[in-house]
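One chain, subunit A, links the two complexes that follow: it is found with subunit B in the first and with subunit C in the second.
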Partner chain A sequence: MTTDKKTETNLNRRQFLTNASRGACLLGLGGALGALASRAKSDDMVWQLDPYKCIACGNCATYCVLEQSAVKCVHSYAMCGYCELCTGFFEPEPPALNTGAENQLCPTGAIKRTYVEDPYYEYTIDEPLCIGCGKCVKGCNAFGNGSLFLQVRHDRCLNCNECSIAAACPSQAYTRVPASQPYLLKGKDTTA
Partner chain B sequence: MNKAEKNSWSARLIIGVLILALFGVLMAAFQMDFTGKKGSQLGGEYDYNLDRLRKIDPALILYQENTAAKIQTGLTRPRTIVLGPENQIFVAGDTSLQIYSAAGKLIKTAALSGPARCLAVAEDGTIYAGLGDHIEVYSPELKQTAVWKSFGEKSILSSLAVRGENVFAADAGSRVVLHYDRAGNLLNQIGRKDPQKNIAGFVIPSPYFDLAVAPDGLLRVVNPGRHRIEAYTFGGELEITWGKFSSEIDGFCGCCNPVNFAMTADGSYVTCEKGLTRIKIYDGQGNFAGVVAGPDAFGKHDAICGEKGANCNEGGLDVAVDAGGKVFILDPYTGEIRVFTHKSGLN
Partner chain C sequence: MIRRVTLPTLIICLLLAAVSLAVERFPPPDFEGGHELPLTTVPAPRADLYEYLDAAVLLAALSLGAWLVLKKRSRRGIFLLMLFSLAYFGLWRKGCVCSIGAIQNVALSLFDSHYVPPLTVIAFFLLPLFFTVFFGRIFCAGVCPLGTIQDLFLLRPLKVPLWLEQALGLLGYLYLGTAVLFAATGSAFIICQYDPFVAFFRLSGSLNMLILGICFLVICMFIGRAYCRFLCPYGVLLRFFSRVSKYHASITPDECIQCRLCEEACPFNAIEKPAQPPASQNRRQGKRLLIFLLVLLPVLTLSSGWLTSKASPAFARMHADVRLADRIWQEENGQAEGTTDASDAFRATGQPAAELYQTAQILQQTFYRGSWALGIFLGLVIGLKLIQLAVRRHKTEYQANRMTCVSCGRCFAYCPRERVRRKELETKHTEHGS
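Right after this comes the complex of A and B.
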C-alpha cells in the first residue's frame, strides 16, 4: 500500500514536470510569436526626420539612445553645386581652400572633398565618422542649396516606441513614415 | 543590545538607504532633459557661428533707410525689381507685374502668363519679362506683344537687360548670357568657357545669375561661383574682372555671391549677398567703397530665412538704383521694397 502510494506520487511529479516543460515551451513559442508579431507591427512605421523642418540644432547627436546617434548627414548630389568653396565643408573664414584640418568645418572630419574639374569638387560623407551634429547642414543652408541634410539611418535606428530625439526636437521635425519608404529625401538623386 | 533593538536599527538603516536612493533617483530624473530645452550640450566646436561676421563697423555704413518711403508690395513671392523711364519702379512677383511711381505710389498692375523671375524696361517703355525658359514682351500699356522662343529645356532666365537694340538674358540653367535683338532673334552667346579667349566660364551653384549694362557701354555679369563680376563687350570679348572671396566686408562671402547687383550712374556697383545679408557699394574699379545696409538691417529677413531652413536660398535680395543714387532693395521674404539714401544727402 505504501509502495503504491509512493509510485503514484513519483508518477505525478514526472507528469507535473512534463506538463510544466510543455507549458513553458508553449509559453516561449507564444512569446516569440507575439514578439515577432509586435515587431512586424512596429516595422510598419519608422521614425524619420523631415529635412525641410530640421533646423540642425545638434540635438540629434546627443539625444539618441545609441552611443553614436542613428542620425547621419546625407548628401543630395542632384542639388549640390559642387562648389570650390563649399560652406558645408569649409569654416566661414578658412585660412586656405584646401583639406587642411584647420579649414574644415566638420569637427570629426567626416566630409571628404574630391577634385572633379576646375572649379568643381565633390563632397561625400564618411558615415562612420559622422555623429549627426548638423554643423555642415547649417553651413550648407546658410549660403548654399541645402544639399547636405540629416536623416535617421535605419541600419542603425532601434525604432524605439518613443524616440528620445523626437521628444527633444525643437522644430517637431520627426515624424513616422512607412517602413517601405523610410527616408525623406531632398532632390532626386540622393545617396549617403 | 537585545534582538528587538537590533531589528529596530536594521529597519532604520534600510529605510535611510531607501530614502537616499529615492532622493538620488529624483535628482537624476530632475537633471534629465526629455524635451531638448537644454540643447545639444555639444561644445563650441560644434557650433556654426557667423556673429562676428554679422557685425559691421558703423563707420563703414554710408547709407540710411528712408522708412517713410518703404513700399509693401503685398506679393507673396516678389522676385525682381527694376527702374524704368521717369524712375518708375517695376516689380514682378507671383504672376503679376506692379508699376509704382518714383514716389512709391502704385500706378498699374497687370497679370502675367506666369511667374516672372526677371524684368527689363526699354527707354520707350517696352517691358521684357523672363518667365522660366523664355521672354515675353509687353507694350507700355501692358499688352503682351510677343513671346520669344525658348533657348532650350535647361534654360532658366534669371536676369534681363536692354540697351538700344540689344536685349541680354542671363540663363542660369545654360550658364551663358544670351544676346538677342529686340525682335527676339538670338545674335550671340556670351561667356561660354573658352580658354583661347581667356573665358573661364560661369559657375552658378545656386539660382542667382545677374547682369546689367554699365554706363561705359560694357555688359557686366556676375560670376557667383568665382565671387567676381566680369565685363564683356556686346560681341562677347572678356574685358575685365574684379572681386574676390572673403568673409570680411571687402569681399564676397559664402559659396556664391553676389546674388544680384545694380549700377549707379557714375559706374559704381551696388551688390547684394546672401548668407551674410549685406548690401555694399564698390567704385567703378571694383574697390570696396562702403556699406549700404548690413545684416542688422535685415533681421526680419534673416529670421524668416532661419525658419525656412533649407529653403533659405530662395530669398536673395534684389536691388535697383535710380539716377540720383537712391537704392531700392526688394526683399522676397517680407514683400517689402526698402529705400536707402546716402547719409551725406547727395541723393
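Right after this comes the complex of A and C.
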C-alpha cells in the first residue's frame, strides 16, 4: 500500500515537473517568437554581388551549387563606350579585329558584337552561353568603362541559405539584399 | 583613321587612358542614327507568395503528421507523408530553406542587428518546435527532408550499443554549439556548407559533398538515421522539447502487456525496456555517485570552457576578416610571398590596414568570449548527461524514449494490442478485457 502511494506521489511529482517544464518551453518559444517577429521583415532576402567590389576572380563560375552558375555577365549599355576595340571582347593581342573565336576573350563566345555605326559596335551577352567566368569583366574593367559586370541572375539562383560563392568570394562582394530590389547594377538604372 | 593605328600604340593609349580616368575612359557615344540602347534585363526572384506557400505547406504537413502519428497511428500514412515532404521540401524546394539551417539565421539575427531574418525563416525555425512541445518529434517523423531521405534508405538496421549511442549523441551538441558560434559571429553557416544530403536534392553539387552524401546514405542503410541521431543540431533542440511534450507517440494504443514483441522493433534504439528499481545496496552507491557527479559538474563546466577558449584563435580564422588581416600582416611583414586575390581586393579598396587589424582584433575578442560560452555549454551537456545516466528510473512498460523517438511509427504494428485495435487480431485478451 505504502509503496503504491509512494509511486503515486512520485508520478504526480514527475507529472508536475513535466508540465512546468513544458510551460517554460512554451514561454521560451513565445519569447523567441516575439523577439524575432518584432524585427522580422516580410520581405525575403536574396543574394547579390556588389559589382564595385568584385575583382572578377573567376570563383563565381565554379563555386555556385548549380552546375552552370547562377551568376552571369550583364551589360550596362548606358555606360558602354561602344569601342571598336573592346577589351572585354578581344584577347589582349588579337590576331585580327573580327569575331573569330581565336580573337575572343570569352571562352564560350557568349558576347555578340554587332556593328551600329562608324566606329561603334554594340556588345550584348547571350546569357544561356555565359558561364559567369568574369574574363570579359576583368578586361572591361582594366581598359574600358567597366560597363560589363557580374550579377546573380535571380531567374536561376536557388537563393541558398548561405550562398556558396559568397563563402568563397575573396573580395567579400556578396551581401543579402531585399528581394524587392534584387540587383546591384552599375551606372544609371536603365533596366527592362 | 583610328582603324589603321597599330595595336601596341592603341594599347599604350588605352593604358594611359586607364591611368588618367577611373571610369568612362570612353564617353558613351551619341548615335547619329538614333540607335536605341538595349535595356539591362533584371529577372525577378521567386515571388514572396511562394515563400508563404512553403510555410503553409510546412504547417499543413506538421498537422497531418501529428494526426497520423497520434490519432490514426498509421505507418503507411507517415510513409506517404515522408514521400511528399521529400518531394516538396527536398526535390522541389531543393532543401533550402530548412529548419535545421534556420538555427543559424536565428543565431545571426540575435547577435547582429543588421541582419533581419525573413518571416518564413522564423516560421521554419519555430513551427516544428511548437509542434514538438505538444506532439513529439512530428517534424522528424515525416516532414524533414533530411530525415526522410535517411529513413527511406534504411535497409538492415544494426544495433548500436547503448553506450556508443549516448556518446555519439553528444556530437550533435558540439555541432549545434559550433554552428551557433560561427553563425552568430557572421563567419559561416556550417550547417549549410556541410549538409550531406543537399547535393541529392539539387541533383548537383561539388564532388566532395556528393561523396560525403553517398557515404552517409550507405551508413544510413545499416545505422538508421545516422545524421539524425548523432549529428543533427536541430534534433538536439527537438529532443529537448520532445522530452516534455504533452502528447507523444506510444507503442501500444492502450496498455503494455509486456509481451516483448516490440523489443527489437525500433531501428533507432529508442525503445526502453522496463527497468526494476535498483536494490537498496546499489541505491546507496547510486546516491554517492550522484553527489560526486553534482560536485563534478561545475569543475567539468569550467575546465571545458577554459579548454575551448584555447581553441579560439583557430575558431576566429573561420571569419574572412580575421583571415584577411592575418594575410595582410604577413605580407606587410615579409612573412608571406606574393599576394592573394583577397589581399589584392583589399588593397584595391584603399582601406588602411590598421582599420582591418582593429576589426580583426575585435572579432578575436568576440571569438574568445564565444569559445568560453561554447565550452561551458559543452561541459554542462556532458555533466548533465552523466547525471542522467546515473539516475535510474523505474519503468514498468515498454516505452519509446521521448527524446530519441522520431515518431516514425514502425513499432506500432509490432504491438498485439495495436493489432487488436485494428481488428486484425481477435484474441481472448479482448474478450476478457471487455
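By definition in this document, the second predicted complex is superposed on the first by the 145 of 192 C-alpha atoms of A that agree within 3 Å, B and C clash if a C-alpha of one lies under 4 Å from a C-alpha of the other, contacts with A are read in each partner's own complex, and residues count from 1 in each chain.
Everything below uses one rule, namely that contacts are C-beta pairs under 8 Å (C-beta built on N, C-alpha and C of every residue); 3 or more make two chains touch, one makes a residue touch a chain.
These numbers come from a predicted model, not from an experiment.
**Q** Determine, under the contact definition given at the top, whether A:149 touches first (subunit B), second (subunit C), both, or neither.
**A** After superposing on A, A:149 lies in contact with subunit B but is clear of subunit C.
**Q** Answer with first, second, both or neither: which of subunit B and subunit C does A:107 touch in the superposed model?
**A** It touches subunit B, and subunit C stays clear.
**Q** Considering only the touch criterion stated at the top, classify A:116 as touching first (subunit B), second (subunit C), both, or neither.
**A** Second partner only, subunit C.
**Q** Please determine whether it is subunit B or subunit C that touches the greater number of subunit A residues.
**A** C
**Q** In the superposed arrangement, which partner chain does A:133 touch: subunit B (first), subunit C (second), both, or neither?
**A** A:133: touches subunit B, not subunit C.
**Q** Pick one for A:57: touches subunit B only (first), subunit C only (second), both, or neither.
**A** Touch partners of A:57: subunit B and subunit C.
**Q** So, A:167: does it touch subunit B (first), subunit C (second), both, or neither?
**A** Once the two structures are laid over each other on A, A:167 reaches both partners.
**Q** Which of the two partners, first being subunit B and second being subunit C, lies in contact with A:81: first, second, both, or neither?
**A** After superposition on chain A, A:81 lies in contact with both partners, subunit B and subunit C.
**Q** Between subunit B and subunit C, whom does A:175 touch in the aligned arrangement: first, second, both, or neither?
**A** In the superposed model, A:175 contacts neither subunit B nor subunit C.
**Q** For subunit A, give the residues common to its interface with subunit B and its interface with subunit C.
**A** The answer is residues 53, 55, 57, 81-85, 87, 92-93, 119-120, 142-146, 164, 167, 170 of subunit A.
**Q** Considering only the defined contacts, which subunit A positions touch subunit C in the complex?
**A** The touching residues are 7, 18-19, 21-22, 25-26, 29, 32-33, 35-37, 39-46, 53, 55, 57, 65-67, 74-85, 87, 92-94, 116-117, 119-120, 122, 124, 142-146, 153-155, 157-162, 164, 167, 170-172, 176, 179, 182-183, 185, 190-192.
**Q** Touching subunit B in the complex: which residues of subunit A?
**A** For subunit A paired with subunit B, touching residues are 51-59, 61-63, 81-87, 92-93, 105, 107, 118-120, 133, 135, 138-139, 141-146, 149, 164, 167-170, 186.
**Q** Spell out the part of subunit B that touches subunit A in their complex, as residue ranges.
**A** Of all residues in subunit B, those touching subunit A are 33-36, 39-42, 45-50, 53, 200, 203-206, 225-227, 245, 247-248, 253-257, 274-275, 306, 309-313.
**Q** What part of subunit C is in contact with subunit A in the complex they form?
**A** 2-3, 7, 10-11, 14-15, 17-18, 23-29, 31-33, 35, 37-46, 48, 51, 94, 96-98, 101-102, 104-106, 109-110, 115-120, 122, 125-126, 129-130, 133, 188-189, 192-193, 198, 202, 204-206, 240-241, 243-246, 320, 340-342, 344-346, 348-349, 394
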